[in-house]
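The data blocks that follow each hold one structure.
Next come two complexes, and both contain subunit A; in the first it sits with subunit B, in the second with subunit C.
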Partner chain A sequence: MLELRDVTKVVGRETHIRGVSMALERGSLNVLLGPTRSGKTSLMRLMAGLDRPASGDILMDGKSVVGVPVQKRNVAMVYQQFINYPTLTVYENIASPLRVAGRDKATIEAEVRKAAALLRLEPYLERTPLELSGGQQQRTALARALVKGADLVLLDEPLANLDYKLREELRAELPKIFAESGTIFVYATTEPSEALLLGGNTATLSEGRVTQYGPTPEVFRNPVDLVTARTFSDPPLNMLKVTKRGDRFHGPQDTAIAAPASAMALADGTYVLGFRPHHLYLDPPGPQAVALKARVAVTEITGSESFVHLDHGGERWVALAHGVRSIEVDEDLTVYLDPQRLFVFGSDWLLAAAPALRSAA
Partner chain B sequence: MGRARFSWIVPTLYIIFLLLPIYWLVNMSFKTNQEILSIFTLWPQNPTLANYRVIFTDPAWYNGYINSIIYVVLNTVISVAVALPAAYAFSRYRFLGDKHLFFWLLTNRMAPPAVFVLPFFQLYSAFGLIDTHIAVAIAHCLFNVPLAVWILEGFMSGVPKEIDETAYIDGYSFPRFFTKIFMPLIASGIGVAAFFCFMFSWVELLIARTLTTTDAKPIAATMTRTVSASGLDWGVLAAAGVLTIIPGALVIYFVRNYIAKGFALGRV
Partner chain C sequence: MEKPWNNKAWFLVLPVIVLVAFSAIIPLMTVVNYSVQDTFGNNVFFWAGTEWFEETLQSERFWAALGRNLVFSFIILAIEVPLGIAVALAMPRKGIGVPVCLVLMALPLLIPWNVVGTIWQVFGRIDIGLLGRVLADFGIYYNYTQNPLHAWITVIVMDVWHWTSLVVLLCYAGLVSIPDAYYQAARIDGASRWAVFRYIQLPKLKHVLLIAVLLRFMDSFMIYTEPFVVTGGGPGNTTTFLSIDLVKMAIGQFDLGPAAAMSIIYFLIILALSYVFYTVMTQTGRDRETGR
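Coming up: the complex of A and B.
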C-alpha cells in the first residue's frame, strides 16, 4: 500500500502540491484527474521518488520511502512524451530494467518476448524506437514498465499524444495488462471520459489539492464540491447562481425552478446549481422541464453531436445535443433544464444535493 | 529562367577564390625551388616529390608533426573528458550563479592568447614543464574546455530530461546511465566537440611555440624556422603546409554532418 500523508511540494515560490493525503491499495487502479497544471505530474514524481516532498511523508507498506533514491524503489513510469532510449533497439529498451537488475539471459529473453507479445511489438524488436510510429514507441515504453514487475506503475497521460483509434485500443488494454501483476496502478489524465472508462478509483486534482478521492462512479455522481464537479465534467459543468425561497430556486431573468426532492429540505439562501452539458436540453425532456432563455455564442459540430455555447445572464453554458443542428450564432434560444438532474451546491461550494440515481437509464 | 541559367556563376567564383590559395600551395609543393622563383607556371613543369622526401626523412621535420599530434590528441582527450561532466551539470542542474559561470567560461575565449603567454611561460617554467607535450596540451585547455562545454551543453540540452529519469527509474546508477545511455545519445556532440578541440589546438601557434624549445616543438613552429643560409626553402615549406591541412581534413570528414550544429554550439 502506498500512503501519502499531508504531502506538500514547493518549487521556488510556487506550491505545486498542497497537503495531499491518500492511500492507494495494492492491485488497485487509480486515476488522477485534473486539468493541466493541476499537479498530476508533480504528484506522480513525488510518488515515484523523483522529487522529495517539502513536507509530509510517503510510506510504502508502512515504511517511509522519502529518503530512498528512485533506483532503490521498485517503480515504473511512462511519460506523456514517448520516452525510450533512442540508441538501443526495442528489445534492449524493454530488457533494460532487467539487465540493470542483473537477471540471467533466459529470464530476460522470456520476459521481453512475453511483454512484446502482449503489446504487439514482436515484429519491431530489432528496430530502434525512432523507426517506430508514435503508438509503437509508447507501447515500447509501456512494455518496459511492464517487464519490471514494479510495485508502483505510474502512467502520466500515456495516451495523450496518440491518435484517437490507438488511444481507444490501448486504453481498453492497459488496465487488463497491469491488473494481473498486482501493482498499484496510477494513471493521470485530463479527460473525465477516460477516468470513467478506466473505472477504479479517481482522485480529482485542482491547483495542487486532491479535492476528492474515491471509486470513480461515486466521485462522478456525488462530487463533494463544485471544483470537483467541474473537474469531472467535460465540457465543464454549467452553473447558475440562484436563491432558494420555499420550494423554488429563483435565478436571474425571473427564472423559477422547482426544487427537486433531494433539495427540498435545504434551508433558504443562495445556492449554485450545476448541470452537465448533456442535461441542458434544446428540446423539452419531459413535462417537468424548466424553460430558460439563452443567446447562442458559438456552435461546434462533431458529427454525431453538437456543442452549443450559450450565454445566460452572466454565465456561459454549453449544451450537448445529439445530431447535427443548424443553429445561428446570436440566435435567442429556449433551452430546458430537468430539475431532477441538478446538482445543488451551497454558497460555500460544497455539494448540498445530488441528482438521484436514475432507476432505468 | 534567365536568372536560373546564370545562378551557378557566383558559387563557382566563390569556390574558385576559396580553393585558389590551396591549389597554389599544392602546386608549389610539387615544384622545385628554381621553378617557383623563376617562372610563373599554373602547374609543375617538372613534378617532383623531393620536397615531401625531405619532410619524411628529416627528423627535424617529421618530429614536428609527431609532437603536434601528441599534444593535440592529449588536449582533445583532456578537454572532452573535463567538459562532459561540466556540460551535464550546466544542462541538468540549477545552482547559484550557474548562468554567470557558464557565460564566464566563454569569456576565456575573448582574450587574445598573447595575454596568457607570459604567465604561462612563468608558471610552466616554475613547474619544470617547459618543452613537454603535456604543457601545451594543458595550456590549450584554457580555450578548448570552455568551447567543449558550450558545444556539449547544447547537445545535452537537446536530450529530454525524462530519459535520465526513466533510466534512474529503471535502476541505472549515474555512472552506468552516463556511459551506457547518455554518451551514445550525444555521440555526435562529443565528436563535434573533439573536432573543435583538435582544430583549435592544431592551428594554435603562439602558446605552443612559447612553451616548447626542441623536444615538443610543433610543426607550425618548425615551419617558421626554415630560413637557411640559402634563403627560404619554398618547396619544402609548401609541402609541409599541405601535410598540415591533411589531419584537419581527415577529422572534418568524420563529423561533416554535425559541423553546422557544432558551430551553433549545439543549439539548433
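Coming up: the complex of A and C.
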C-alpha cells in the first residue's frame, strides 16, 4: 500500500502540491484527474521518489520512503512522450530493466516474450522504436514498465499523444494488462471520460489539491464540491446562481425552479445549481421540465451529437443534443432543465444535494 | 494538355544565380582557365593541357603536403570531437552558469584567425612568451621555430583552443534538446551514467556530431592562417600544408599554372572526402536505425 500523508511540494515561491493525503491499495487502479497544471505530474514525481516533499510523509507498506532514491524503489513510469532507447531494438528495450536488475538470460527471454505477447509486439521485436508507429512505441514503453514487475506503475497521460483509434484500443487493454501484476497502478489524465472508462478509483485534482478521492462512479455521481464536479465534467458543468425561497429556486430572468425532493429541506439562501450538458435539453424531457430562455452563441456539430453554446444571464452554458440540429447563432432558444437532475451547491461550493435521479447521472 | 508557362519565376532566382556566379562559378572557372594554360605575363597564354596536373600529381612536394594535411585533420578530429562532447556534457543545463559558459565558449570563435596565430606566436616565444619562458624555466627547451615536433604541437594546441568551442556549442545544443523525461526514465530504470550517455545522449547527438565532424574536417583541411603566422610553414617544410604550399607557389614563385592545377586537385580532394564522410556517417546511422 502506498500512503501519502499531508504531502506538500513547494518549488521556489510556487506551491505545486498542497496537503495531499491518500492511500492506494495494491492491485488497485487509481486515476488522477485534473486539468493541465493541476499537479498530476508533480504528485506522480513525489510518488515515484523523483522529488522530495517539502513536508508530509510517503509510506510504502507502512515504511517511510521519503529520501529513498528512485533507483532503490521498485517503480516504473510511462510518459506522454514515447520514451524508449532509440538505438536499441524493441526486444532490448523491453529487456533493459531486467538487464539492469541482473537477471539471467533465460528469465529475460521468457519475460520479454510474455510482455511482447501481452502488448502484441511480437512481430516488431527486432525493429528499433523509430521504425514503429506511435501506438507501437508506446506499447514498447508499457512493456518495459510491465516486465520490471514494479510495486508502483505510474502512467502520465500515456495516451495523450496517440490518435483517437489507437487510444481507444490501448485504453481498453491497459487495465487488463496490469490487473494480474498486483501493482499499484496510477494513471494521470485530463479527460473525465477516460477516468470513467478505466473505472477503479479517481482522485480529482485542482490547483495542487486532491479535492476528492474514491471509487470513480461515486466521485462522478456525488462530487463533494463544485470544483470536483467541474473537473469531472467535459464539456464543463453548467452553472446557475439562484436564491432559494421556500420550495423554489429563483434565478435571473424571473426563472423559478421547483426544488427537488432532495433539496427541499435546505435552508433559504443563495445556491449554485449545476447540471451536465446532456441534462440541458432542447426538447422538454417531461412534464416536470423547467423552460428557460437562452441565446445561441456557438454551435458545434460532431455528427451524432451537437454542442450548443448558450448565454443565459451572465452564464455560458453548453447543451449536448443528439443528432445534427440546424440552429442559428444569435437565435433565442427555449431550453429545458429537469429539476430531478440538478446538483445543488451551497454558497461555500460544497455539495448540498445530489440529483435525485442517479441512474443516468 | 496545355501547361501554363510563366517565366517570371526566373526573375526571382536571378539574384541567387548572380551571387553564386560571382562568388563561386566565375572564380573557379578562372582557376580552371589558368590550370590548362601557360603564361609568361602580358596576358599571353599558351595551351598546356593536362601538363600542370601531371606535374602536380608527380611532385613529391605535393604528396608530402597532402600527407601533412591528412595527419593534421586526423589529429584535430581525434582531439576536438571527444573533447567537445566531454565539455558539452560537463556544462550546466540551467541557472546562471549557462550564459556564462556559453559566452566563455563563444569567445575563441570570435577571434580572427591571424590574431589567434599572433597570440600563440607571442605566447610560445622562448625569449619573451609566457609559455616559452615558463617551460624554459622548467628545463623544457620549447622552440617551435626550430623543433618540428614543437611546431606541430603549437599548431595543434592552437587549433584545439580555437575550434573545440564549436564542437562544444553544437553538442550542447543537441544535448539540451533531449527531453527531461528521457533522463527521468533512465533514473527510474537505474541506468548508469555510461548507459545514459551511450544509449540516450550519443544517439541523440548523432546529427549534430555529423555537422561538427564535417565542419571541423573541412576547416582543418584548409588550415592556412595560423601556421602561416606562427611557423610560416617551417621549420623546413614540416608545417607546410597544402594551402601554404599553394600560396608559396602562386604568390611567391608566381607559377600560376601549377598553382591553379593544385587548387583544383585540392578542392576536389576536400569535396570527395567530405562526401565520403557524409555518406559513411549518414549510412551507418541509417543502418543502426533500421537494424539491418
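In this text, the second predicted complex is superposed on the first by the 356 of 361 C-alpha atoms of A that agree within 3 Å, B and C clash if a C-alpha of one lies under 4 Å from a C-alpha of the other, contacts with A are read in each partner's own complex, and residues count from 1 in each chain.
By our rule, contacts are C-beta pairs under 8 Å (C-beta built on N, C-alpha and C of every residue); 3 or more make two chains touch, one makes a residue touch a chain.
Because the structure is a prediction, the values reported are computed rather than measured.
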Subunit A as common anchor, with subunit B and subunit C clashing or fitting: clash
Subunit B versus subunit C as contact partner of A:126, first or second or both or neither: second
Partner chain(s) touched by A:75 [first = subunit B, second = subunit C, both, neither]: both
Partner chain in contact with A:87 - subunit B first, subunit C second, else both or neither: both
Set of subunit A residues, in rising order, touched by both subunit B and subunit C: 48, 50, 70-71, 75-77, 79, 81, 83, 85-88, 96-97, 100-101, 144
Residue numbers on subunit A that touch subunit C, as the complex places them: 48, 50, 70-71, 75-77, 79, 81, 83, 85-89, 96-97, 100-101, 126-128, 130-131, 144
Footprint of subunit A on subunit B - complex, ascending: 160, 162-163, 165-173, 176, 181, 184-185, 187
Parts of subunit A lying in touch with subunit B, wherever the complex brings them together: 48, 50, 69-71, 75-77, 79, 81, 83-88, 96-97, 100-101, 141, 144, 148
In the complex, subunit C residues that touch subunit A: 179, 181-182, 184-185, 187-191, 199-200, 203-204, 288-291
